[in-house]
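So, here's a batch of structures to check.
Look for chain A in each of the two complexes below; its partner is chain B in the first and chain C in the second.
For the complex of A and B:
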């Protein structure tokens, strides 16, 4: 039997705990991560020049962050670690790879400008999440950032996204980031939640699955109120306006309109899984109606229908950072069991029971802060849906009517929505929902936009430099400026 | 000119000199290109479709809204690239459609 080669993509909470489990079982995994240091987004570490105490950076999560960073540092002698390295392609299937291998990935080290290939027998995709964003008129203005982005600016760079900041969207992150900004000296002009008070109260009892976190959430709201930050619930975002940047945000609330002067907006309606590599691996996705999102099909143990391919953490459906550590550890045990390593079945059972508790907690969170997809129905035709390619709702309607595009991929092909630099990360969910609205069908019937490699743009010069030259090439390079691969498909 | 980012923390150590559209600018040690440019102004680049300025969006390497061009021709993700001494960041990149122009419509729309 070929020696197992375990590859872990991502060094956030799930990736780190997966690596730890694999090392404990006696195997040496390869860990590839896009970040400069481990931690993912939630436990992101600032560059050395901006180091600050964990309590300042992570607040109530300081202990968890410190433990994750320290445990990963202790693993370094037992793993092969590639930081600042993007996995931009994944290929599986018989005949695609070396003998005994399941597949391979292509990687790009952005610091070295180098590309390479890594074979694997088992791959754990711990790719995390980004903000789930819905379009709001004016959301392409400079000064509008995602909620997660607002947090990254503060945590990673010690910067506020503006002086007077409005936070708009829904979910626990809305209140957490607003409070972090108020504490760091920003003037938080409003926290505007699309979810209503009654809906939140009704789902609240479900939070008893994790009472400590429910209390934390309540304390965020209380602290914001003590600081005099206006909190509005049940809003409908109307527009963000300004000439060269954000000047004001206008909301519909209780039958009227309210405007707030500000120079930045933090926007986010929950989180969505990063699923591109799972897609390329051939892992089917299922529509999660509660999160209005397509997530890779996988068991609680991280196993997918594709043999040798595992998913863990928020990349496998949003359950949060605490659950991500447990899911990473559980997927690591599944890899060990399948690769002939030493895995403790009692530990697997304990992890699954713990994960189950977070599933119950998340159900309540999803009910409290649903993604307000109905907002999409009320958008004006000139609202930009695809930021990269400047495709408006009116464009999408016209394309759907003129071409009869009846699923997500045909609408993408005909409209280009989802073909820009973000590759659909910030519009595909909305295009799919819109396609369903336009056709009067269920979102699940629309299918999903297919992922394409490279899953993020990489400099094509870096590929050319390392491509094997089997034929004579031109004496002089003909490119006078670098071209990015992945901008067009 | 008004600024987008507000520094909540001052990094110790020597500042970094770089250029924004050929003009001298100062960054703090550890700054990304995005933080350094937005602490000195409001725009990172012009939209490729003519709908004005862009200043990044997700700040975690997913949306590529912050893809900036340097005078030496390199195009980099400003949110995840450290600013380097002497770097010349072009916020009005060559070939971009000037602001105020009609946004480009897709061929099939």
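For the complex of A and C:
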């Protein structure tokens, strides 16, 4: 057996706790993260020049944020950390050249503008999540941001997406970001939730799985109300309008239409796991009907059906930040157990019990704030579904009618929806829902779009430079003569 | 077109086409238009394999002499696509430039041009200076080229499916998700059994199963040395139109074009794959070589983002030409597979020639260098 080389992708709550567990067990992991500093989405750190106190940045999460940052700083001497580095490809043993279970990733070092290879025997994918976005007529106007984008602007850059901001969507993050904006001095003109009061009340008892957290959520709402922010539940977004940018949002609510003047909109309907690397690793996916998207198949311990490949945190299905820390730690223990390190089985049991509590909590949250996929069916034909390629719902309907487009991949293939710069990260789920709708079938039966490297764009020229502290992607001198490859064109 | 078990098969049909790539779909269309009763079985979706995964190059230039007549026959159909299948399939006549990087390569291009002109193709030689005047984005590395003005490119994602729909409209019975599992000779014809156990009998069997063609032929006692090829493909984010022609090079280590949408598509070199699992994947190592080769020729693309790589599965013959024509050992069996990485351009013509062979037993297109017997 080769000496274990543990690679952790992501330095958010899950990745940091995984690294910590691995270090405690006596191994030295490699941690690769796209961000400038650790913290992931929720505990994102601003650049030094824009530093602010944790309380301002993270509110009620300040203590957790500070602890995570400090614990990671303490780990630094015991790990190999690659910040500002994207993992854009992952290759595991099976089906590829190379011995046994080992694999490697290819990385892009943004600062160096260069690429390289890092080998592993065990890899933990703690890649987190991004916003689940549903199209609303006008959502491509300048001034419309995802909730995550709105938060990045605030936490990372210390700026607001607008002065008068409407928040539209559903989920706990909707209220949280609205409150963060209100506190930062924005005029929050409305918080409009597509989930209705009755639905929320019905699922509410399930939140007792994490009472402290539920109380916090309630306090967000209370604080918003105290600040006089109108909160509407059970809305149907009608449209976002404006000439050169956002000027107003219009919502359907209780049988009427209501408009709110604003210069920016924060939009988000929950979160979706970032699963491309798990996909490249050959981890099978399952369709999570409650979260209306695909997640890697894995146990509570982070083990996947592919040996040597582990998933943790929101990248393995959304359970939230607290659970992400627990899942990271648990996956770290699983790696140790499998790699011959020292792992404490009692600790593993304790973590799993706690994770179980968050699973129950999340079930209630999912029931309270379902992704309103039915909204897609009522959209006007001119609504853009794929932002990168500017493909509208009408285009998709036409393509489906003219070609039969049997599944989500065909609909993509014939229409270009999902073939742009983001490679469907934002629209693939919606294209799948629409395909299902157009065919009167279940979304899961429509198949999924397949991930391919590079999972995010990289400049072609950067492929020719080797990043520091990496192995070469290609073991041959870069100025070698062209290799005759035979013609396929 | 997706078939379900509920859809019973006729107990007997005249012609079965196995494989819904461009070749098979074109064969089904031509046969149906000729009034023949034809069923096409496709194991997945029509155009889902090589015919939908390829680079989209529609070129005659650079082909082996034995393929040229078939390539010309096909080229005529590419011009009439709109009329034949109701959609131009993205075909654009941009011309194809094959670049040379050494004087020896220029000599080889000249030699090829002389041969091709004998067959009636227009090919012109271009000097290094002319190249850079017409295509100022090219570096000094290209010292000359040959140009075939009638070549171009098309959209592979829509082509075979469009042909399949046209075949259906013309009366062919196109059945997707119907893998052919077993073939037997029965009476004067064949029994074709699908993976789900349903079967039908036919007089004529057309084998257009791409990389899986030899596997099907083996069931009828013929053994062809068909390997696989997994070209490594890439696409960049869209950019303003710059690259006006379809480019290849001597040696084949890089080829590139710009789509109507503005993306640069480039290939050269091989990924990996497994035809048994219908699985293929590009290799980053190869991306790097391609990037190196392309940026040497077009340095200005260095800042453009690569957004996706992919590969595919094509059947590869040792002499890089397809197995094409009537089976020498089994009457009623016709092959067109193993297109060896350049059968997209040939697909429409392949179907037309197969139709000639099935209906008349002969074709005006010279396929004498492609006949199956060269391997048996």
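Operating definition for what follows: the second predicted complex is superposed on the first by the 455 of 489 C-alpha atoms of A that agree within 3 Å, B and C clash if a C-alpha of one lies under 4 Å from a C-alpha of the other, contacts with A are read in each partner's own complex, and residues count from 1 in each chain.
We adopt the following convention: a contact is a pair of C-beta atoms (placed from the backbone, for glycine too) under 8 Å apart; a residue touches a chain by one contact, two chains touch by 3 or more.
Quantities reported herein were computed from a predicted structural model and do not represent experimental measurements.
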item	value
First (chain B), second (chain C), both or neither touched by A:406	second
Touching partner for A:241 - first (chain B), second (chain C), both, neither	neither
Partner chain(s) touched by A:414 [first = chain B, second = chain C, both, neither]	both
Chain B or chain C, by number of chain A residues touched	B
First, second, both or neither for A:288, with chain B first and chain C second	neither
First (chain B), second (chain C), both or neither touched by A:157	first
First (chain B), second (chain C), both or neither touched by A:459	both
Contacts of A:131 with chain B and chain C, given as first, second, both or neither	first
Which of chain B and chain C A:352 touches, first, second, both or neither	neither
Common ground on chain A, meaning residues reached by chain C in one complex and by chain B in the other	389, 403, 414, 416, 420-421, 457, 459, 482, 484
Touch list for chain C against partner chain A, complex	1-2, 45, 52, 54-55, 57, 59, 62, 101, 157-158, 161, 165, 176, 229, 231, 236-238, 246, 248-249, 251-255, 261, 267-270, 272, 274, 277, 279, 281-282, 284-285, 287-289, 291-295, 301-310, 314, 320, 341-342
Chain C-facing residues of chain A, complex	89, 91, 95-97, 106, 115, 389, 403-404, 406-407, 410, 413-414, 416, 419-421, 423, 452-454, 457-461, 463-464, 473-474, 478, 482-489
Chain A - residues contacting chain B, complex	34, 41, 46-50, 52, 110, 130-131, 140-146, 148-150, 152-154, 156-163, 184-186, 244-245, 263-264, 274, 384, 387-391, 395, 398-399, 402-403, 414-416, 420-422, 425-426, 456-457, 459, 480-482, 484
Chain A-touching residues of chain B, taken from the complex the two chains share	2, 4-13, 28-32, 35, 38-39, 42-44, 47, 49-65, 67, 73-75, 79-82, 103-106, 108-109
